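Sending over a structure as structure tokens; questions will come in a sec.
Chain lettering (A, B and C) follows the sequence in which the chains are written, and residue indices restart at 1 in each chain.
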Amino acid sequence: MNILQKHIHALLEKDQRLDGRKFDELRKDISIECGISPKSAEGSARVKFGNTEVVAGVKFEVITPYPDQPDKGTIMAGVELLPLSSPDFESGPPSIKAVELARAVVDRGLRESGAIDFKGLCIKKEEKAWAVIIDVYSMNDEGNLADAIGLCALAALKDAKLPKYDEKNDKILYEERTTKGLSLKELPIPITVVKIKDKILVDPTLDEESTADSRLTVTTLEDGRVCALQKGGKEPLTNEDVDKMIEISIKKGKELRKILEKSVKEK
Amino acid sequence: MGELLIKDKDIVIPGQELATGMDFLPATGTYRDSDKIIATQLGSVSINGRLIKIIPLNGRYIPKRGDTVIGKIKDMNFSNWFVDIGYANDAVLSSKEISVDYIERGTDISQYYDLGDLIVAKIYNVSKQKLIDLTMRGPGLRKLSEGRIIKVSSVKVPRVIGKEGSMISMVKELTNCKIMVGQNGLIWINGENGTNELVAVEAIEMIAEKTQTSNLTEKVKEFLEKRMQGMKENVQEKA
Amino acid sequence: MYKKRPDGRKFDEIREIEAKVGIIRRADGSAMFRIGKTIALAAVYGPRELYPKFLQDPSRGILRCNYNMMSFSGSGERVRPGGSRRSKEISMITENSLNPVLDLSEYPGAVVDVFVEILQSDAGTRCAGICAAALALADAGFPMKDLVSAVSVGRIEDKLVVDLDKEEEDYEVEGEVADIPVAMMPKTGKITLLQMDGICSKEQLLKVLEIAKEACNKIYDVQKKALMEKYQI
């Protein structure tokens, strides 16, 4: 065990975290800004989670619906951990960490929660439907990219407006935006909780992430139901751990949801 | 003949003209281009008689002989450790340089320093190819025990340490923390509790940010006294 | 006859510019540069270890630039992630435009990585990327002979216009649009990037260089202000 881990353990015994936060306290200075790339993206947002920063953008494409879902549109989520945001990220195709974030944090929460009205994305049954493509990029990594990414994807989707579609010529008129948004029915918010020794901490910093024995990202809805779970880390969790972690995630999820609703004004 | 185009302590950018004529001499961070002296770094001007130099405001650590640094053991072979001191190349610590005692060949050297350990070492040689040799023989050089590490830009280290160590001693005293400042910008802090350490961290970050401010020592002292007093009151309230 | 610019600018008028440094804390240096609606971000990491080893230069550090467009930054369809031949080319010309001002002899065997990301594009992205990259390098404290400023100059029919936007770039008349990105060291006017898409006479090109120099001077003022702002007390 290196000296940082020893120190974190020693402080935890005194009920202290390295940055002075309480165990169940989110970092302060969480902010959301929408419309950061308004000309090119149909929806976009920037989230600052303390000093961790991410950006996201939504693009729409027209696709042929899947044969088993002829009246539904689709969603595709991508995450890139840019080398620009940390000395630890390399150039190249998305790392396994990025893929996990895209699938487990962004995609699963949106899909399982029924947040997106896929039927509303249908243009012509069996022939044409909208595909929503959300891409999230890390801009500065100071811990807990997962929650920042989940929140940013939501904000960009809330900000999104469909472009005009010229059915006759099968052409998307990107420069002409409609006032029709995605009307998200739910706001699934991921919250990451880590376990260090026997202590449970929400919203880990970089040092806490590297010292964590295990972590659980819990995506919750307003009514407290859980719509996605992802466990990571080498050590196992007990039932009590999971219970506590879900409790915290529901509580903190509500806090973030309030911030999200305040920041994104329906245009 | 010559003319100064800027004043002492002005902030200048690369390519900016500092002086004309042959009267002035270019020192570090500047160069002469025919009859002009031009800055090559973002920094503040320091004029000393006829010498004009730039004190950089930012920059990665450049290892120098004699520097005391904090490094992390990244790798090792039979007789050497490879240490990350925040430079492009790892520094080398030979097992011959760690103590006065003779270490037999074939000894498992990880019993002395293992992967991930943090050490305070001194640079005793930097070759032209920037190969760096470290030694642990000397006063104060040791393996670090439990504590936290923060990083400041290496160019701010002199300010953080202060004249004859006065600034950092003040921080140590008023926060009751053990602090070790490496020339490479890594700083180790160990206090009696986390909140004291946080005050020390804030103070150091303040010094690093506001290097240009006058009366910085006074302002830092004020800040430290106020915060430590506030903490005492918090503790008393709780009791 | 090309008489008016779509956004009403004069022929020698560049769009509104904005620059900020130190925006990515983990990087050694960073900057945002915006010209009109084109937004470029740049971050510098280095000098640091260079892999694979055979790329190392034992006499000096090397500069390695990577230009990338975020998938939602294009002005129509989504940009396929993963780079393209275009982004590889722009990465290389960004390196070439910055190398002349850098002296990396203090860092043998090491690499200085510069990452440029385009957040929103409205033409002029490679030039915006170069402006941001130069700022990020200065912010990181690297010794530089000068900053580098860059702008795109265009010829539309018989008019020479500075800082083309996307609408002008796409002006639908065959052979009547030339797009000329230029990067230079502002103090001396020495050119570090020169490319052309289209056809021009030699006289027009010489005039283009003059126009570029004037525009780069304006850009330089904003770059300088951004660097100094970070350190004003």
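Methods note: a residue touches a chain if its C-beta (ideal position, glycine included) is under 8 Å from a C-beta of that chain, and two chains touch if they have at least 3 such contacts.
Not measured: the values here are computed from a predicted model.
Trainee: In terms of C-beta pairs in contact, which of A-B and A-C ranks higher?
Mentor: Per the contact counts, A-C leads.
Trainee: Determine, using the mean of C-alpha atoms as each chain's centre, which chain is farthest from chain A.
Mentor: Of all the other chains, the one whose centre lies farthest from chain A is B.
Trainee: In whole angstrom, what separates the CA-based centres of chain A and chain C?
Mentor: That pair's centroid distance is 32 Å.
Trainee: Averaging over Cα atoms per chain, report the distance between chain A and chain B in Å.
Mentor: Computed from C-alpha means, the inter-chain centre distance equals 38 Å.
Trainee: Quick check: what residues of chain C touch more than one other chain, meaning two or more?
Mentor: 48
Trainee: Going by the contact rule already set, what residues in chain A reach two or more other chains?
Mentor: none
Trainee: Name, in rising order, each residue of chain C that touches chain A in their complex.
Mentor: Within the complex, chain C contacts chain A at residues 24-27, 30, 37, 39, 41-43, 45, 48, 66, 68, 70-78, 81-82, 113, 115, 117, 119-122.
Trainee: Going by the contact rule set out above, which residues of chain A touch chain C in the complex?
Mentor: So the residues of chain A in touch with chain C come to 36-42, 44, 51, 53, 55-59, 61, 78, 80, 82-87, 91, 93, 133, 135, 137, 139-142, 172, 174-175.
Trainee: So in the complex, which bits of chain C are touching chain B?
Mentor: 28-29, 46-50, 58, 61, 101, 103, 106-111, 138-147, 185-187, 223-224, 227-228, 231-233
Trainee: Provide the residue numbers of chain A that touch chain B in the complex, in ascending order.
Mentor: Within the complex, chain A touches chain B at residues 2-4, 6-7, 10-11, 14, 16-20.
Trainee: Going by the contact rule set out above, which residues of chain B touch chain A in the complex?
Mentor: Checking each residue of chain B against chain A gives 116-118, 144-149, 190, 193-195, 198.
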